[in-house]
Amino acid sequence: MKKLIEIRWHGRGGQGAKTAALLLADAAFNTGKYIQGFPEYGPERMGAPITAYNRISDEKITIHSNIYEPDYVAVVDQTLIGPIDVASGIKEGGAIIINSDKSPEELRKHLKDFKGKICTINARKISEETIGKNFPNTPMLGAVVKVSGIMDEGKFLGYMKESFAHKFATKPQVIDGNMKALERSLKEVEGI
Amino acid sequence: MGIRERLSGNESIALAMKQINPDVVAAFPITPSTEIPQYFSQFVANGKVDTEFVPVESEHSAMSACIGAQAAGARTMTATSANGLALMWEMLYIASAMKLPITMACVNRALSGPLNIHNDHSDSMGARDSGWIQIYSETNQEAYDNFIQGVRIGEHKSVQLPVMICQDGFITSHAVENIELMEDDEVKDFVGKYDPEHYLLNEKEPIAVGPLSLPSHTFEQKREQAQSMINAKKVILEVAKDFYKLTGRRYGLFEAYKLEDAELGIVVINSTAGTAKAVVDELREEGIKAGLLKIRVFRPFPADEIADALKNLKALAVMDKAESLSGVGGPLAAEIKSALYGKAHDMPVVNYIYGLGGRDVKTDDIKKVYDDLMEIMKKGSVKDTYRYLGLKE
Amino acid sequence: MAYSLKEVMNKPERLIGGHRMCAGCGAPVAVRGVLRALKPEDRAVCGAATGCLEVSTFLYPYTAWKDSFIHSAFENAGATISGAEAAYNALKRKGRIKDEYKFIAFGGDGGTYDIGLQSLSGAMERGHDMVYVCYDNEAYMNTGIQRSSGTPIYTDTTTSPAGDVLQGKQQFNKDLTQIMAAHNIPYAAQTTLTADFKDLYLKSEKAIYKKGPAFLNVLAPCPRGWRYNTPDLMKICKLAVDTCIWPLYEIEDGNWKLTYKPRKKLSVEEYLKPQNRFMHLFKEKNLHLIEKIQKHVDESWEELLKKCGEV
Amino acid sequence: MKGNLAGHMKENLTWRETTPGGTIYDAGSAEKFKTGDWRAMKPVWIIEKCTQCMLCPPTCPDSAIPVKDSKRLDYDYNHCKGCGVCAEVCPFGAIDFVREDAEEV
């Protein structure tokens, strides 16, 4: 793995792109990495496009700017493609990971200037079938881990199980669903 | 041993407050420092601290209540940003003149107008002459460490001044990063008990604070206050030494990064220092002798020490994340230049105003500064010393 | 226990001589009257907003206060004392203080009705166990008799002067006691200096010893600003209550109670006449303004009687 | 500690002598500040006429009518500013209000 991996998240306010970035930072932290997870704040309220970022590294991170040339971009809501230049600045060898029911090939038509790798994950379907509602964060997280290879999948799942156990201490029934969502997302990413 | 954690800058301050368990916290929410009283009130609600939390109706009242509480004999804390700090303005001067070691987390944000919630240093820079000790922090770790040290610095018998611990709004306040925490007991032992000599609630000695003072006394009282700021420098270093023994994390009046043999240097405050370090590393790999000086303690201003650290540079850039609207440059540049006078006053110094209102500062921006410095060094002099970085021209 | 002036005057003075208030000033008389309600064994932290009282009683290096005292600024006596009270709660809980302390803030009408209203309102709403006392002398006396929102209509002040066109202040004063009562605090009252000081004493006692925030509005004449004959301090206060310009009442736990009802309600002229701040009103062309004042006083009084269940 | 100013209350305190923050550690120190010389007029207590009704002591802005065992004592002329409020409230004519130099004349 490269020394420093930079990820940019696109979502809509209230959808949890910031939470997803913080979850990824959390998971990476727990596998021993140096991390940054931060949103780009504006006056936006519910529904407006928002951006969040991650830096993940084996070495101490000192840079404190936004990320303009990410290794990976995660798009939590496919309707952002078009209004937002989601693929902007993606490094060579990097990839964009989109929550969509469409195939990478179909999406490429909408990302004409982008020559890099496009991966998709049907996070909505997976979450509805495992967690019971449209909660795309968990599958997106799995997809990003899979595509980026940031951390060992086994370690990642192990940590997430603990994390969910802690987070959902009062409603343990959702732990299994979330774990299933993660496992499925690791397998069902298309375009790798 | 330290506790490995990941927290945002605001969380780390709130946690430091929790570990210290102060007697009184009085605060009013303002972006981006809001989370601090928010997290802290949760600690209060859950009985994790036995602090009196005073949810005041304004920042002016926050500082007023802090003054009342600290004068009464309580260890008192608050947090604010930008316009909140400005609303406290009058009380900042009064708190320091009363010699009250209140500890404040200042989460730096652009001071209106126009209204802007993002980071720059116009708020705390404006308060630089209010008699508060000002300590700046590059990261969440430094914010946490400085806050804990700040309590001891302010309360030191030879200081007795309020302390402002600054960090960059959103950039570090809202970014989750790795941090190493101290154990609760370690923190409590390190800051010790607040044991004031004179206070309102002293059963043995009622006192009166905050007099009307006429021309026959005020001058002497200001001089007395100034001595505390002079004394603070030594105390800051002593406290840092103890802190190092405990945590292994070393702090001084400033951080000199690859500065010893440097030819090109910049002076910078808070999170931009981290971004600039990455640039310095790159330039060093290219064989360019770049370095930087990161201000930690701005009040008291360690003029002699800074001048010594900078005097061998061939070209210097001072980075101001505040426009003092003086027509000649930013506040940091003014202080640095006056520090160099007599020590290296013919060194070419250029001042950049940058990052106002949260304009993002990228490594490319910093590289541009070093490129400029290279040119200045080659020329040996510089004419236009008041510049803007990252401005749309 | 029944009130006895002879008894309460035996209590030790808590505001002593040597301060620099004007000769005959009503404010220190009011402060003494409030502090007299403290039990001798109880301690107090007093505070003051910047104003005549503060600058005259704590002029470096002399303090006239026997209790601990704090002044920080003009507009924040409420917040400052609320901070001291919070400190007390914390230190008491931690076992670092044993004695009983009471918290009393003083402010003039400038520091209370105007610039300090927000801070006062906040402190009352938060429920601190404190008393805020306004010594109301109806203008900014410390800076030289400028109008405040507590200044009565048609008063001649240095920023609402009686001139050829305007006859003094053009607005009615705000009713601060009722504003404070609307905070639904346990105790709010309006009083002044009466011959036996019973009204002030009993109200101060309730304000201090009733748990929670309390507000007292004490009319405290200023001989310089009101321009009456200085020795007539007590007479002016009596006229204020007997004309019903300054009624004495309290609101305790939401219950309104009139604490003095003049046997014969005097006309406002009797109060206005001895005070040269109203002198211009007695010119022929201005007599209708006195009628307007009378009408306003009558209406307010009737309304108060209703609130207090007197009609 | 340079605490108690009572001993050396002087106008020419140096900066090393002045108190931090202008704090005063001896409550009630104003007692040492005499305001008696502000007087142009002076109240005089006529003890024979006094019934000890106690109406005058609370009206004094300067706490200059000491009370002991429910009885008023003679004036504290060190602090009395001669406002005349006490003389005005006395129902028994037991307080004269005269020119400050009247006695000497």
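Letters are used for the chains, namely A, B, C and D, taken in the order the chains are written, and counting of residues starts over at 1 for each.
Keep in mind that, in the parts below, contacts are C-beta pairs under 8 Å (C-beta built on N, C-alpha and C of every residue); 3 or more make two chains touch, one makes a residue touch a chain.
In this text the structure is predicted, and so the values were computed from the model without any measurement.
With centres taken as mean Cα positions, chain D sits 79 Å from chain A.
Work out the mean CA point of chain B and of chain C, and you get 43 Å between them. Annotation: 64 Å between the Cα-based centres of chain A and chain C. Mean C-alpha position of chain C lies 23 Å from that of chain D.
Among the residues of chain D, those touching two or more other chains are numbered 13, 19, 22, 24, 27.
Residue positions of chain A in touch with at least two other chains are not found. Each of the following residues of chain B touches two or more other chains: 98, 206-211, 213, 217. With chains as nodes and touching pairs as edges, the resulting graph is of another kind, matching none of line, ring, star or complete.
Chains touching one another form the pairs A-B, B-C, B-D, C-D.
Looking at the complex, you find that chain D touches chain B at residues 1, 3, 11-25, 27.
The touching residues of chain C, when paired with chain B in their complex, are 43, 45, 47, 54-55, 58-61, 63, 65-73, 75-76, 78-91, 93-94, 96-99, 101, 118-119, 121-123, 125-126. Only residues 5, 9, 13, 19, 22, 24, 27-35, 38-39, 52, 54-55, 57-64, 67-70, 76, 78-85, 87-89, 97 of chain D touch chain C when the two sit together in their complex.
Touching chain D in their complex are the following residues of chain B: 97-100, 160, 197-198, 205-211, 213, 216-217, 219-221, 223-225, 227-228. Looking at the complex, you find that chain C touches chain D at residues 5-7, 9-10, 13, 15-29, 32-33, 36, 57-58, 60-69, 193, 195-197, 223, 230-235.
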